[in-house]
Structure formats: structure tokens, C-alpha cells
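In what follows, subunit A forms one complex with subunit B and a second complex with subunit C.
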Partner chain A sequence: MRIAFASGKGGTGKTMMATSVARVAGPGAAYVDADVEEPNGHLFLHPTVERETRFAVDLPEPVPDRCDGCRLCQQHCAFHAILVAGTRVLVFPELCHSCDVCVDVCPRDALAVGKMETGTVRLGDADGIFVVEGRLDVGQARATPLIGHVTRAAPPDADPVLIDCPPGTSCAAVSSVEGADLVVLVTEPTPFGLHDLELAAEMCRELGKPVAAVINRADLGDEAVRNWLAERGIPLLAEIPFDRGIAETYAAGGVVADRSVAVRRAAEAVLAHARRELS
Partner chain B sequence: MTTAEILAIPLDADDRQDRMGARFGRAPAFLLVDLGSGARRVVPNPGSRADHGAGPAAAGIVAEEGATVAVAPHFGERATEALRALGLRLAHASAGAPVEELIEAARAGALPALR
Partner chain C sequence: MTGDPTRIAVFSGKGGTGKTTLVASLVRLAGRVVAVDCDVDAANLALLVPGEDGPPTPFVAGEKARIDPDACLGCGECADACSFGAVVPDAGVYRVRQVFCEGCRACGLACPTGAIRYEPDTAGTWRVRRTPEGWLVHARLGIAQDNSGKLVSEVRKAADRIAAEEGIGLVLIDGPPGVGCPVHAAIGGVDLALVVAEPTPAGHHDMERMLELARHFDIPAAVLINKHDLSPPGTRRIEETCARLGVPVLGRIPFDPAVPGRMAQGRTPLGGGGEVERSIREIHAALAERAAR
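Presenting the complex of A and B:
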């Protein structure tokens, strides 16, 4: 059972919910930090890192003295990542999408599949919770291969797998929910919250993912989010009130479900819904 | 300057050929001027709306069209690398500069080179 915690808007409580559901699910669960541009789940779960590996993507590597300047590679590259100057092949790593088509089309084997490191994967343990973290290297623009990798890096017997997604609806968000059986959209009852919830729900619809919602800071704002969820038939699993104690626990680096009854109940409601829907 | 020189000038629109545009990689079209014969032609830049990689794509296009010198108010990092690798020289002039003045300056060897 793989549950992704996503939201259009940032700062709605994805990490709070994902870490809390991990705590409530207990030993055997896996928490995956797929927000590789700013992974922060470790600040709350405090895992002991057991293994750290570097992650690399394919990058074409010119083989000296083989290019005859035919430019087939340049013509086939959809991302303008290759330019042939005479018989010299120029590769622009930040534009490359690692499709290897240039290597495949070259009739003279003038390009080989090389590797470019883009980030680090950490595997650890937090009181029996398996913790996976992807961390993109500073300056790297392409997050999706690393995100895809970490969402598959939990042990096969880990259950449930809780994926903490990056905000938004970009490629990074898409690749983080792609392997999920259920997407929990964490939102707040404000016009911004609703606007970005609509985008995130639309993304999940396109991907064919079932969704459910949790409203955080539920006693602020207005009724528009609740009404919208009801209209769409999206199950509202829990409402978490605004509470200074939650902010204090979070700021101190704690798992909020350990301190807040409302958040613990919300996490239990998420698990119960997922078990009901996915069993 | 030798007769084989061809100057590439980015345009802001393909029907606006009297002034240089503000951008190189994302220019919608380039004006190519043979400094020897004075012959001119406009080539479209299909990469101008690419998500990424407009610079290298534009460099490839002007090089393929035979340009030997490129002038622009600014070249992106990758466009610069690509143009240099393709053997073009880079020159600088302000956005909106009159094309006639650029051609005259290039013929006189007075376009400030970018290093």
C-alpha cells in the first residue's frame, strides 16, 4: 500500500502528515522523502542513516576520434542537448534527459553511455520505520530521475509506504505520485489553498490516481474548499485545527502525531481510509 | 574583414529587420548579412519557444546558415559555449541598434568583440 502526500500549495502540512502516518503505522512502514530539492523529513523522524549511495543518470560521452560530423545525434535530440561542431560533439549536461537516443542513432559509435551524478540516496531507520531520502545536488536542475528512484527504494515488504511529495504540479510532483495507490491532498481552507488543490486534483485525475483530502488549519479561512471537495466527491478524511502546540512540536523537530491528538486522529483516519479503499 | 564573413543578427520579429532584437537564443528569427556581397536573408528560429536549450539550438541554426560572426546585446552561457565551439566570433551591441549601423561597423572591423 503506497500513499503519497501531495498538495498544490507549499507549506500545507505534507511532511507533518506523512511523518505522522508513518508513526501511527509503526514498525514496518516506510517513509520516503521525495521532496529531493528540500528534503526535511529527517528533521522529524531523526533516522539513523545505514546506507548512503550516490545516484547517477545517463549522459552521453563522446568517444574520441570517431565522429564524422553527420549530426544525426543533434537532429534526434529533442532537448537541444547535443551540438556537433565539425567532428566535435558538444554535450550540454543540464539539457540532457538521459534518453540515450543519441547513442542509439550514432552509426559510428562515437557516443557511449556515460553517467552523471545528480544526488544522494540515504536509507535509514527510525524506531522501525524505514526511512528513504533523496537529496538532489545543489545546482542540479533535473529532479525527476532521482524522485522516481527513491519512490521505488523502500524494501518490497515495507507497508505502508508513505511518500512525502514536493509541492506543485510540475514534473517533480508528477513523478513523486506516479507509483502511489492513493494520493492524500493536504490543503488549507483559503483561496490559495483551493486554487492549488484544484490543480493538484486535476493532476491526479490525469494520472488516474484516487485522491482524498485533509484540511489543515481547518478553523481558519472559509467554506470554499469543503464545498469544492463535496461537489467533486473527494473524501475529506480529517480536519486539523490551527494550534500553536502543533507549530511548537514541529519547530522543535518532533513528529506531530506524538503530541497532537488532532493530528494523530487525522493520521489514523488516513490509514483507515487507505486500508478500506486499497484492500 | 574578408568577403567570406556572414553576420548573424537576432530580430525581435521577422518583419522587423531594421533593428537588432534584445535576445539571441530566443529571437524568433535571425537576419544573415553577407558582408562582402551585401546579400541578406531572414531565417526563422524554431527553437525560440523551446522549453530548454534555445541557446545551443540557435547557435546550430546560424552556424548551419554559414554565419561567421554573431552579434547580440547578450548571449546566454550555453549559446556562448556553442557558438565558440562552432567557430563563430561573438560581438556585442545594444538592443535596438540599427541594423545598417551594425553592418557598417562589422565591415569596418569596429564591432566590439566579446571575449
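Presenting the complex of A and C:
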């Protein structure tokens, strides 16, 4: 069972919910931090890191003395990532999408599939919870390949797998929810929350993913989010009121479900809903 | 006003730190300003900056593949060629899952019957809004797009153009979350990257990554601490990190549970008369002073 925690905007409490559900599910569960641009889950679960590997994407690598200047690679690269100057091939890594088209079209094998490291993957353990974290190197632009990789890096027998997604609805968010059986949208009852919730729900609809919602800071705002969820028939699993204690536990770097009854109940409700819907 | 406008971009790592609320307030205080919402994935600034929108401009970026089911032999060469897993079998033939296609054309090179066509992809739209005293450029990226960086560049160009035409000296950029491609497009060439940090371990961590990115691009940075009173020790740690890195802390904004309620009515903290308003006015004054230097 794979549950993704997503939201249109950041800071709604995705990480709080994903780590709390991991805690409530207990040993055997996996927590996957797919927010590779800002991985924060480790600050709450405090895993011991057991393995650390570097992650790399394909990047064409010119083979010396082979290019005869035909420019087929340059003409075929849809992303303008290759420039041929005379018989020298220049590759611009920040534009390359790792499609390998240039390598395939070169009649003289002047390009080989090389690698470029873009981030780190950490595997660890937090009281029996398997923790996977992807971390994009600062200065790297393309998060999607690393995200796809970490969402598949949990051990096959881990259950449930809880995926903490990056905010938004772009390619990064899509690749983080792609492998999920259920997407929990964490939102807040403000106009921003509603606007971004609509986009996140639309993304899930396009991907054909079932969704459910949790409203955080439920008492600071208005009714529009609740009404919208009801209209759409999206199950509202829990409402978490604003509580300085939650904010302070979060500020101190702990799993909020350990301290807050409201958050623990919300995490239990998410798990119960997922078990009911997905078994 | 001659020459380039001053460009200030506001970032926050993960978002949800009150960044947009702050930018909307600064827009109000600055008056004649071109604001740009570069958080094209979750564009919220327009909710707090009222005005009249111009017509939408489509943003076309790249292409998407389509397989003609009548011409498809079902050989699957295209699926093998695609590095993005976008081509899947479907009822005896093959189909391109549009959201995963990056438009690289590898499938078309592999297809023995020429069954694959490429169509330009409308990746989003952007508009210019006339606000009481200035302009707001805001955009909407389509779902599952990987062109956020290009759209950010496009709205920034539009903002620069308006600033030049209207002789406006300040461009205020509401930045996207993260440290990836849209952030690179939003930070390039700005005069100041303002990083809004919350005094939590996550907020601290995000701020450090954002400051590292600013350093990477050689952009001057300053920090604002939001909800500083929720964790005095966390605030102290942020200040220590900033002192170590030589990054100025430009202001501290307290926590006020009334702010989300005001936002729910589409209002900024301005005019509420609270501590939040006072601190934002101070920040605005500090920025104006910096810009004058």
C-alpha cells in the first residue's frame, strides 16, 4: 500500500502528516522523502543513515577523435543541449533531458552514454521505520529523475510506503505521486489553500489517482475548502486545529503524532481510510 | 528613472512561510512597482493584489508526441526508445501518456511506420494585471509541466519590459519554492534575494540551501525571520547561521493567528494595525534604504 502526501503549495503540513502516519503505522513502514529540493523528514524522524549512494542521470559524453562535424546530434536534440563547433561536440548539462537521442543518431559513435551526478540517496532506519531520502545537489536544476528513483527505493516488503511529495503540480510532483495507490492532499482553509488544492486535485484526476484530504490549521480561515471538498465528494479524513503545541513540537524537531492527540488521530484516520479503500 | 530597475526576489525554501503575504504587503507599500508571481506552479499573489487582468497570453514550450492508432503496428519500438516511460501498450497498439512525454522525439526515430506526430504544447498562460498603482504579471502553468523555468523567464521578461516602458524603478518577484530549475530562472540577475525563514529545523535547513544557491549564482542575499516568536531558540540559531555566513537579517515578523483570517478575506496584514503590520513596514523601509544606496 503506497500513500502519497501532496499539496499544491508548500508549508501545509505534508511532512508532519507523512512522518506521523509512519509513526502510527510503526515498524515495517517506509517513509520516502521525495521532496528532494528541500528534504526535511529526517529532521523529525532522526533516522540512523545506513547507506548513502550518489545518484546520476545520463549525459552524453563525446568520444575523442570520432566526430566528423555532421551535426546530426545537434539537429536532433529537442532541448538545444548540444552544439557542434567544427568537430568538437559541446554538451550543456543544464539543458539536457537525458533522452539519449543524440547518442542513437550519431553515425560515428562519437557520443557515448555518460553519467552526471545530481544528488544523494540515503537509506536509514528510525525505530523500525525504513527511511529513504533523496537530496538534489544545490545548483542542479532537474529533480524529476531523482524523485522517480527514490519513490521506488523502498524495500518491496515495506508496508505501508508513505511518500512525502514536493509541493506543486509540475513534473516533480507528478513523478512523486505516480506510483501511489492513494494521494492524501494536505491543505488549509484559506483562499491560497483552496486555490492550490483545486490544482493538486486536478493533477490527481489526470493521473487517475484516488484522493482524500486532511485540513490543517482547520480553525484559522473559512468554510470554502470544506464546501469544495463536499461538492467534489472528496473524503475529508481529519481536521487538525491550530495549536501552538503542534507548532512548537514541529519547531523542536519531533514527530508531531508523539505529542499531539489531534495529529495522532488524523494519522490513524488516514491509515484506516487507506486500509479500507485499498484492501 | 533611467537604466535598470532594482529587482528584488523573495524566496522561502518550501513555501508556506508567509512569503506571498509579505510580497503582497510590499507591493501595496511600494505603490509604483511591477510585481511578478514566479511561483507559477501555485500562483497565489493575484489573490491578494487586486486589479484588472489583461487577456491571457498562451505559453507554448516544446512538443508532445501522439501515436496514430490506425497506423500503429504494435511493435513497441517506440516504448523501448522512450527514456521517460511515456509510451505504454493500450489495446494492441501503443499510446503516449501525455503528462510524461518530454517531446524528445526518440519514439518517432524508432517507429518503422511513421505513426508518431508531434504537436506544439501549450504549457500554460500568463497575464498582466493593472493594479491601483502598478502592474502584476502572473502565470498559470499547466498540470504536469516541466517547463516552469521557461515560464518564469517569460514572465520576468514581460515584467522588465513593463518596467522599462513605464519608467518603474522596482520589480518585485515572488519566487517559487525549492532550489531547482524555476528558482534558477527566478534568481538570475536580481539585485537582492530575500529569503523568508521560519525558526523551525525544516525552515533553517531550507534557508541554508537557499542561501547556498544564492552564493552559487553570486546573488546578494538577506534573511527575514517569520513567526520568530514561535521559537526564540530557533530564531537565535538562524541569526547565528546568518552571522556566520555574513548574510544580514533584515527583519523579524511575529506570529499572529489573525493573519490567515484576513487572508481568507483577500486582505493583507496592512491596515490591521498589529505587530505584523509594523514589522512589514520596517522591512519595507529597510529595503527602500538599501535600494537608495
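One rule holds for everything that comes next: the second predicted complex is superposed on the first by the 279 of 279 C-alpha atoms of A that agree within 3 Å, B and C clash if a C-alpha of one lies under 4 Å from a C-alpha of the other, contacts with A are read in each partner's own complex, and residues count from 1 in each chain.
Throughout what follows, contacts are C-beta pairs under 8 Å (C-beta built on N, C-alpha and C of every residue); 3 or more make two chains touch, one makes a residue touch a chain.
Small disclaimer: the values here were computed from a predicted structure and weren't measured.
Trainee: Quick check on the superposed pair: does A:A85 touch subunit B, subunit C, both, or neither? Answer first, second, both or neither.
Mentor: first
Trainee: Could you look at A:Q140 and tell me whether it touches subunit B, subunit C, both or neither (first, second, both, neither)?
Mentor: Only subunit C is touched by A:Q140; subunit B is not.
Trainee: Which partner does A:G128 contact after superposing on A: first (subunit B), second (subunit C), both, neither?
Mentor: A:G128: touches no partner chain.
Trainee: Who does A:G245 touch here: subunit B (first), subunit C (second), both, or neither?
Mentor: Neither partner.
Trainee: In the overlaid three-chain picture, which partner chain does A:Q74 touch, first (subunit B) or second (subunit C), both, or neither?
Mentor: In the superposition, A:Q74 contacts subunit B only.
Trainee: In this superposed model, does subunit C or subunit B come into contact with more residues of subunit A?
Mentor: Tallying touched residues of subunit A, the top partner is C.
Trainee: Just subunit B (first), just subunit C (second), both, or neither: which does A:P27 touch?
Mentor: neither
Trainee: For A:L95 in the superposed arrangement: first (subunit B), second (subunit C), both or neither?
Mentor: After superposing on A, A:L95 lies in contact with subunit B but is clear of subunit C.
Trainee: Does subunit B (first) or subunit C (second) touch A:G10, or do both, or does neither?
Mentor: Touch status of A:G10: second partner only.
Trainee: Of all the subunit A residues, which ones make contact with subunit B and with subunit C?
Mentor: On subunit A, the residues that contact subunit B in one structure and subunit C in the other are 79, 94.
Trainee: Which positions of subunit A touch subunit C when the two form their complex?
Mentor: Counting only subunit A, the residues touching subunit C are 8-12, 15, 35, 37-38, 40, 43-44, 58, 76, 78-79, 94, 97-101, 104-105, 136, 138-144, 166-174, 188-192, 195-196, 199, 202-203, 206-207, 217, 220-222, 224, 242, 244, 247-248, 250-253.
Trainee: Would you pull the subunit C residues touching subunit A in the complex into a rising list?
Mentor: For subunit C paired with subunit A, touching residues are 12-17, 20, 41-42, 44, 47, 62-63, 81, 83-84, 99-100, 102-106, 109, 141, 143-146, 148-149, 177-182, 184, 199-202, 205-206, 209, 212-213, 216, 227, 230-231, 234, 255, 257, 260-261, 263-264, 266.
Trainee: Residues of subunit B touching subunit A in their complex?
Mentor: Within the complex, subunit B contacts subunit A at residues 47, 50, 52-54, 56-57, 59-60, 63, 78, 81-82, 85-87.
Trainee: Which subunit A residues qualify as touching subunit B in the complex?
Mentor: Going by the criterion above, the answer is residues 74, 79-81, 83, 85-86, 88, 90, 92, 94-95.
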